[in-house]
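Two complexes are shown next, each including chain A; its partner changes from chain B in the first to chain C in the second.
So, the complex of A and B:
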């Protein structure tokens, strides 16, 4: 373009205009999307980090006062500690279950050819097609019959069905990225299948598996519907907040919201690379 | 002592037959090269010997022991892969020690063997590095050292040099030959590169469409191809072929002149290597198409009865496009092939 010396533009004016308009539109879309996502988080954080009095007053501060009154009130609120513990317990169980079941499935998908492989991959995704409310009621009945209702384990099973597709797909792409020759080399060097997996594949896949585990944790941590339906005494934090949201003061809601959102955000940010990999987007 | 016997091995992938009834015996300490174009089944055969692939039928024996039902780790083999397969999470030292640790060798023995093989492959200064910090040639050295450290009965190599650049390949080729001769192991080496095959092998098994066409020492394969395919595949430029019309009992007409041939019942095919001809009277009339001086020789591509016919001639010849040369084949270098079965006629 720099080689153009006279007044004749290298590209017709209409094309340049269209390009300018196109990039302008893209920037506008990016701004809208960022605001859409970031504004609620911003408001949540500002209010959570303000004193109870500031939350209800007007005008708002742009920069929070870093008053931990709301947060400390929230943490000392009756039942929050127990709900928090339940959330962690259910999320940890979900994490263990989805990796325990999902990683072998991902390995099998990446390494073996078996009839119905493509159908299986599709069905794994299909499990996300059923709305949870549709499943929650029959599940509640079933859980009451088997005595799994109102237990962390019961809820973790439901959360595992939600996180399992992701665990399978993330580990599938992870294992597919590890050349099969590395395993074969290990076999020729004296390993059986399990030893080759443990000594060669696992160390290479571990960061990704950890990421997939964190993602499962986050899904369980954020889930509210099944938690609200299937637990009564042992509420998780989400279900607890849902239950008490109408009867609690505004600053408690903000603090609770922040307590839910911030860990999830940090976790997702930490494992974003592997989530991109799952969808085949070039990372880094 | 590790003689390898492949008895009636076949491999089918669904309807596709990758290997038809392969029979091959490789002597103890022999360097056998499996040579063929891609898709000829050479890698499949190697993987069957390694135990990475199961044969559809047939037996594999190593050192007098039937191994085709055994996993790779129980076959006394070591393998070098095309893409090196150096473990990225381990140092070079730990890569070489990997197999020895699996054998539960004492630490002193492991250390000794790692250092010895590293020295042999000239990578002793790289022992603390990771695979990501190595060049392709260095990774290949690690892969070979890792296999040699096992002191296997049999070493299997799947196109180990094909990912290296030309100069490095030449260097590694010579080095591999020396190292393997010293190690006294039986070796099977898969390649599609005929020069590599010729220079390394004690014996070459030329494979084509899932069959071994010829298994013989390199010069034998080059001089006396057992089939037309071998002649056209090995040699650069490849062998020349011309139709030979039967004239009398053992007389044939090739490109207009009568040549004495073998006893055959009908028309056969005449074959000659490009370098086995000289310019002289009464030869094959060849119309020059392209002249390529290569320094030591000059490659002349000609046209004989509408067929491409190449001759490698002395570099002092003066020929230009359109000239008609009279090419006289060396009588003892003429080969004959049956056009139906494509195999050689003695």
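So, the complex of A and C:
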């Protein structure tokens, strides 16, 4: 054994060297990619944390002065407070609608085999092949007829078509991960179907359901096109920023951008553990 | 027993009704809007759309953007996914950082890149401090169409690579380790293993990622609005312009139909090109 290893010392050494060089290259790649993702966000935050005069001055410093002039100008700007509130309201409604409608469908897909199951899955997957924000165009007319135009609820409906497929597929994979035997055990112990669901399945699925709710909230919070088409008086933050983009000064844009980015960063951080579960199922 | 049979349909009913009313039906409406004018069936809306002087540029910009952005993103997403799947320490932290743009609005992404490309922005600041230019250049002006295009490409690559990456990471996790080990035993180099083992087995994920990404590419809107305003017309921007500014729903609907047809055509193309025979599925 020892003799053999002594005869060929060069080969393992080269392999280790190659491994070392490989991991050095990989670390370099990771650093470059992290800088590529994080630096632009940092620069936006630098601008948002500088005074209006600094934002329009030249050259730019890469360290913020932590002057809240831009942010307070943004927050006190006509319509911004309302836009922020509208964004939150639409996103909350979207969250409730997509989980309320999507979770039962996800549960049904995970627990039952029935005729028409494939047709439903096809309908859900078909939404992927369609540019959904375009739905805002015909719905604008439909909403005027039904009095839903320019309301948070009307916009939340369009945002729900965006987030519902995710809610269905995510909850489907969540419920599939909970053994049906647990439910059956609850039935034999005298629970009916609803009690078994509420006392056994729901507590186990709750963190995942919360994550997909946050995901639905984020989809709505970020959406621009439908929000800009469907709201006039009750604009969301994205609609407000888009519609005033040609007339607003730079420091207003950047403070607004930061107001969009910071909550989204927190949301995506909150659901980071579920990113795989959410997108892994995209394969099926 | 009866109730158990009805239960799944009862649970599916809300979602089905919702999707029929707010997804299928509106697309019928938009088709009707596109092909009629004042109640009569006509192609007038499409004629107005195509005869507009901006139309060829709009279509070209959108297609060119997709043709350049998507391949760059595919390569980047594959590299990022390979890196993430090889990591053991710090994997979740790196994955979170890589995935951040996934959670950001396209409008925010446009504004983020505006901080770099605007006239008093960071790119000009760096170029001046390096002594490469004397005074700031107006990168996003009408005389710098190429720079506008590059800025939009960068912002799009930055923003939407994460979606593909996460799907590919999940897909790579589904490939059994044994395949790689077998290839290694037979002396395949890491590159060969990637080309001959990983890529073919990753086909379903590649398909999903590309379909999602290509459709998003045709929907590009807010990034362009933030960076270029009206100087770089794209299909979605023109749709918004006709609907909102010019108040002509027919032509806006015609644009919507065009985007829809392109999206579906590319979806079908990708389904065909990256099809996996039934017996080759994992």
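Here, the second predicted complex is superposed on the first by the 235 of 284 C-alpha atoms of A that agree within 3 Å, B and C clash if a C-alpha of one lies under 4 Å from a C-alpha of the other, contacts with A are read in each partner's own complex, and residues count from 1 in each chain.
Everything that follows uses one rule, which is that a residue touches a chain if its C-beta (ideal position, glycine included) is under 8 Å from a C-beta of that chain, and two chains touch if they have at least 3 such contacts.
The structure presented is a predicted model; accordingly, all values stated were derived computationally and were not measured.
Once the two complexes are laid over each other on the shared chain, residue contacts for A:204 go to chain B alone; chain C is not touched.
By the touch criterion defined above, A:181 reaches chain B but does not reach chain C.
Between chain B and chain C, the partner in contact with more residues of chain A is C.
When the two structures are aligned on the shared chain, A:28 is found in touch with neither chain B nor chain C. Once the two complexes are laid over each other on the shared chain, residue contacts for A:190 go to chain B alone; chain C is not touched. With both structures placed on the common chain, the touch criterion links A:144 to neither chain B nor chain C. Across the complex, chain C is touched by residues 26, 29-30, 33-34, 36-38, 40-41, 43-44, 46-47, 55-60, 62, 100-102, 104-105, 107-109, 111-112, 114, 116-117, 120, 123-124, 127-135, 137-142, 157-158, 160-161, 164, 168, 193, 218, 221-225, 228-229, 238, 241-242, 245-246, 250, 253-254, 256-257, 260-261, 264-265, 267-269, 272-273, 275-276, 278-283 of chain A. Residues 5, 7-9, 11-12, 14-16, 18-19, 22-23, 26-27, 29-30, 33, 79-80, 83, 86, 92, 94-108, 111-116, 118-122, 124-125, 128-129, 136, 158, 163, 166-167, 169-171, 173-174, 204-205, 208-209, 211-212, 215, 218-219, 221-222, 225-226, 229, 236, 239-240, 243-244, 249, 252-253, 256, 259-260, 263-264, 267 of chain C are the ones that touch chain A when the two sit in their complex. Contacts from chain B toward chain A in the complex involve residues 50-52, 71-73, 77-79, 81-83, 85, 87-89, 98-99, 102-103, 146, 150, 156. Interface residues of chain A facing chain B in the complex, by the touch rule stated above, are 179, 181-182, 184-192, 195, 199-200, 203-204.
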